[in-house]
């Protein structure tokens, strides 16, 4: 099963032929709910939430549409993490009617179709369920699909490895928050560069410390140079 | 090697085109025996048995046929875990005549064929032997096959990674108990929802604690509201 | 700081001089609550609950008194795990008035004192807080104290190692559910032996499989011998 | 070497005889610098910084004095993490003159002595150096000393285990941010309870999700009850 | 790249269509040398050697031809482990002339070709070099190839994961000693069954203890029955 | 609690003042039974058995007395591992009457006392039970006690850490098979040196490969020198 | 997607049909910068740098062209590690204009094209970004691509597993420094053998110790033989 | 057993009362031999050797005497690592006569005594043997002893934990190379500061990258400021 449509690169170098096209990308955030978070065992909850926050901020910064959905938010699974609405206020929420697989829900699929974008970036909890099922169905419906593994969560390390293998087997491209950020970022020669730099500090906290050291070293050099 | 037949979805959304069809599914539980359990090193025995119990309960709840088999249960390998018969009393047992590979046994293959279902969900100990061999043979015989990694067990972490890779290479879809439960569950808008909720508490024990907290919080709200 | 009073052994061998005396032992189960369980990271919740269940069953079997307490059970911390009341119906519950440290609560300390026993076996969540604080205070009050590490839980592996070190430093004896069971069991030549054997199968699930294999092997020998 | 002075408890129960007395406590934050952070390998930097932030907020909330210091902040070691000054604006900073061991610096020791408190809670990077050296010297000078292991950092797991053992050997009490928070918190029956609850959500991120679920469950109960 | 030729099963059930045919199998043991063993980090040397011993014994038991080779055995890489010659005295040794890749050596390839078997089972140290290179070349030459991961060794866990992925990518089937033993064993209804049972005890040491318990339990039953 | 009697060294250097005196040492091997082995999780069973074998061989080589015992060997716990009797035929076996703690059994304690040796080296399964209880009681009875951690086994990593801490707290010296071998070995200038060298190859399998390389390198040098 | 062009082997054995052809190989070292190093979590920085050093030395030894590039070396990401220029002085550096993906930069792609080689070996930090993007684009442009996983680095273990899977999915061959060294080395019967042996000692430090032992053993044999 | 003599601090602050006095310190490097290195499993050999190199360089830099010794360097254990003589040419070597415990050798003990220093810093392979035995004997002889855990090596993680516990129990202070470096360093206000900074880059390789970033950032600031 082929996973990637070679795109006509807009660059003279031919660069990006195999990379995400932001103008064709729609982000789907699936069931990031406080109750489900307690069962996640392949990533720490603090890291998972920070990665989802990065995606929300990134979509706002680069004007990429976002759809959220939740399974039974008034029930045991708990409410959606509030950071999504806070950092991606343009996200559209689609309520479901009890379906585990978001792709079983007409409203959700219609919300996706109506955007007219053919590349879907998905993340959610659980990876092997709430991301896997719509990812496989979206592949069958002709979409190109990316699954952001570390903005998603599975109930065991073994489940995580199984999800990764099943994505690859099903023609879904696995990725990470860091790679997604870089793949949409593409160049430091753009006005959003400072905000993007801050997002790297969230997704890789040592990067934030690198930046702090950098600024202090420059200050010291300037102080000494006076 | 193609792993998945795209099914004609019965839903307007097209959902489930790539997912398990319960009406076409047969579950095979292979050699879950007390002696073999002692050699398992990629999952704790308590977790393995609880996952098998979940599958047994799930099949009973959703009327999915089950076939069990064991290799030399009067010998060193030990008896089949009794929870299967307890929670899936409808399971049919097929005795083997010493074959390591269940698919080498005529009675077993005939028992499978006679059900007329083309999707086989397999679990067993060892994953790389008792599941792998019939899984590969069933693929060759035209079946669609799922291997439930965490209701199975291998004698080392390395063996587990090898089994996962070999399944994918051979066109067998790896899955987990949690994903299987969700894939057969499909919607909370069904009468079995409460029993299904309890199964999630078994497969992900933190989920049970989430549910306990939920009920207590609601009680507290109602107590306060009086 | 001396941790152990050498007891006058009742056995001719002198055995047990340094072991728990069941007649002088009181078990304290502290804050095993569903909300707090979600934060535990040094033991899986299923294992933790099963160990607490073993202690509850053991105390019932051997007539050892139990006191339970919980911090804010109507609030975020959640309700006490129901298995304690189920398997140790003789346990006495002491409600607290918001104190984090159970030893700060008069009713609790009075409940302990009134039993007249000088050996306290404690378990709870979190190990480094809900067990540590009353354990240290009870040492200061002259009690001999044991902390059951795997019937307790801490929010990280590092926290768990710190708690273990601080217990030893403070003269509290660390132990495990398995050791506690064995230390109170003492001999197979007693009427409760079969029930005790079942508890080993809970605390070490491979032991249950060993027993299943054993019974089946004997059956096979008898079948063959006929 | 005795580590703990038994205090005269102010509670009728005798509770807290062995616990921290907030009125006698001084917090020392040592060399939490961006360059040194890059070498830490026993805790993730994001977790380390969040724990230090919790201590800073806690000291502000409960009016506990804080002293910070840094080794060569204009040099390679990098600037102090800014969260300390942000969340504990009352912290006093003492510059050093190149000493690795803060206790070698007169100004620092004088700053400690002048507070008149005999219980020192220390955290820093590296644990085995910047915390260890002043901790051992402070013990020799008659102070009671706590080392907060997870608000500190060491360059390897092995180094972390060595530091823990050497603290215990030297009569320094190891603790964690979570235990420190709880030990100073002591009771929910105080006006700062809501702020303290938020700190638990920082130190144990799953706790924050528990609280979100709790509030949503209560809302659902009230909605249903209308 | 297709990895498996569907064989015409000799069994009525169709079993074994995808499994190893012992009559078409040749085992290649590549560079199991004492010097190279010191660099292995994805499996303990004792386990690696025991697994190679199992393969040697198995080939002797089932009359499967074996070829060994070594790279510079008089040099730093060290001598071949002596257990191979001890337990598979029928193994043919092919000396190389300095080639890292055994398939670069005419004598070796000729030794393989002359056997007339089309299925090659390979193991060696390092997995990603001494097994990988001839495995890929043998695939290009039309052979069906299996790589026994745990009778081989790589210098890091990461290297091991890379080797596994590259094997799958190159159409080489990964397997383990345990799976190889079972795949050649096929049925307990054969005269070699007792010897095969002992090999399981080597490859999975807990299995040996299961057998010891089994025999003792049967003895106890017979003793009691007298 | 003091752990070590300073001995009068027999060497001019004063060496060995704190080390084991072979002439005063008695080895106790407690409950190394096949059924209990299945529950061990802090060491692989193959390694555990090989370490016990090393101790058995070592005691035979150096004429150190050994006492074995087993708890209910005709029952679920299974038979004693046969390697002990094979490699230490001089070991004396003491049957127990159901006691979990060997020190509760008169015959066992009498067997120990009658040897007249004051240093006891203990190993067994479980570490925290079958070794811990007699170790603590033997300390109370005035013996100097060593616990060989890796010739013993506990049902979890956490249990293993707890046992280590409790041994230290109780004045029992923890050690390993490797250290015991070296501590009794003491000098290469003794006739048993070649046999001792082989034991190092068992306790540290890489050492055996080092020796193989060494011999081959010397052969190569001699071959080249001819 | 096919990954490997079968080459016409120049050896009579047919060996190397699937291996790297040094004469067609170009090495690309991407963004090995001191600031980015701090974020790497799937390999230790010392190991990563040593592996890059090995590749630099290897290319110099075997006359393989190298291109380096860096993203914003005057900014936070930091300078390129100096060992590359030190050990591969023939490496050509291409400055970028802010592009994250080197393949987006005309100068870089032109530098690659002008070499006329069709096999690209890439390494860099981050693996999933700085290696992944040009690797996928180079595949689309018709190159055969290898990614050296352990001369690259990703910010988490999960990211590393995702990168490995995505490489395989995209037709990029994953490899390691050790395998690359061996694949270019090919035979000990060449003049560079002694220098190559030293490189193995860098890539697998235990190998260096093996060589030290070997030389000393030979010396001892010769000394004894005198 | 008291481990530390409180020294009279030479500083007004009282700092260093509990720290190493360089003028009273003697470093003993025990059996760092290439053959023994192959058995080390609690630290990577590259890290172990780099740490020993740091100690050698440090002693040369600060004029601290060093004694080396080796057990049977012409035999299987292999030669001493050459870096010690290279970086600490002032080290005195004492040959042994087959003794495992260096303290059993008169020449060695005399070499120690003749230095007249009462503080011994020891490192070696194996930690639990070659360091432990002389460390315990030196304690008995009245020396203050430090064991550098990560410049030493043990054959398993369990052995490493046991050694750490036994050191603490025996009054030996465990430390690390990093702590030793810092404890002897004491202040940046000394002429050796630049060389010391380089040693931190060896002992914590991320620190070297921090320094590289620092210098580059300062250069960039100066370039921009021109």
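For the reader, a short list of remarks on this structure follows.
Order of writing sets the labels: A, B, C, D, E, F, G and H. Residues in every chain begin at 1.
In this text, contacts are C-beta pairs under 8 Å (C-beta built on N, C-alpha and C of every residue); 3 or more make two chains touch, one makes a residue touch a chain.
Everything numeric here is computed off the predicted structure, so don't read it as measured data.
Ranked by how far their CA centres sit from the centre of subunit A, the chains are topped by F. Listed candidates were F-G, C-D or G-H; the one reproducing the E-F interface, defined as more than half of contact pairs identical by residue number, is G-H.
Between subunit E and subunit G, the centres computed from C-alpha atoms are 30 Å apart.
Between the Cα centres of subunit D and subunit G there is a gap of 44 Å. Touching two or more other chains at once are residues 35, 38, 75, 78, 161, 165, 168, 206, 209-210, 213-214, 217, 219-220 of subunit C. By the definition given earlier, chain contacts exist for A-B, A-D, A-G, A-H, B-C, B-D, B-E, C-D, C-E, C-F, D-H, E-F, E-G, F-G, F-H, G-H. Across the complex, subunit G meets subunit A through its residues 1, 35, 38-39, 71-72, 75-76, 78, 97-101, 103-106, 108-110, 126, 128-129, 132-134, 136-137, 139-141, 154-156, 158-159, 161-163, 165-166, 168-170. Interface residues of subunit A, counted against subunit G in their complex, comprise 2-4, 6, 9, 11-19, 42-43, 149-150, 160-161, 164-165, 167-168, 173-176, 178-179, 182-183, 185-189, 197, 203-204, 206-207, 209-211, 214. Residues 210, 213-214, 217-222, 225 of subunit C are the ones that touch subunit E when the two sit in their complex.
Within the complex, the subunit A residues that touch subunit D are 34-35, 37-38, 44-47, 49-50, 73-75, 78-79, 81-82, 205-206, 209-210, 212-213, 216-217, 219-220, 223.
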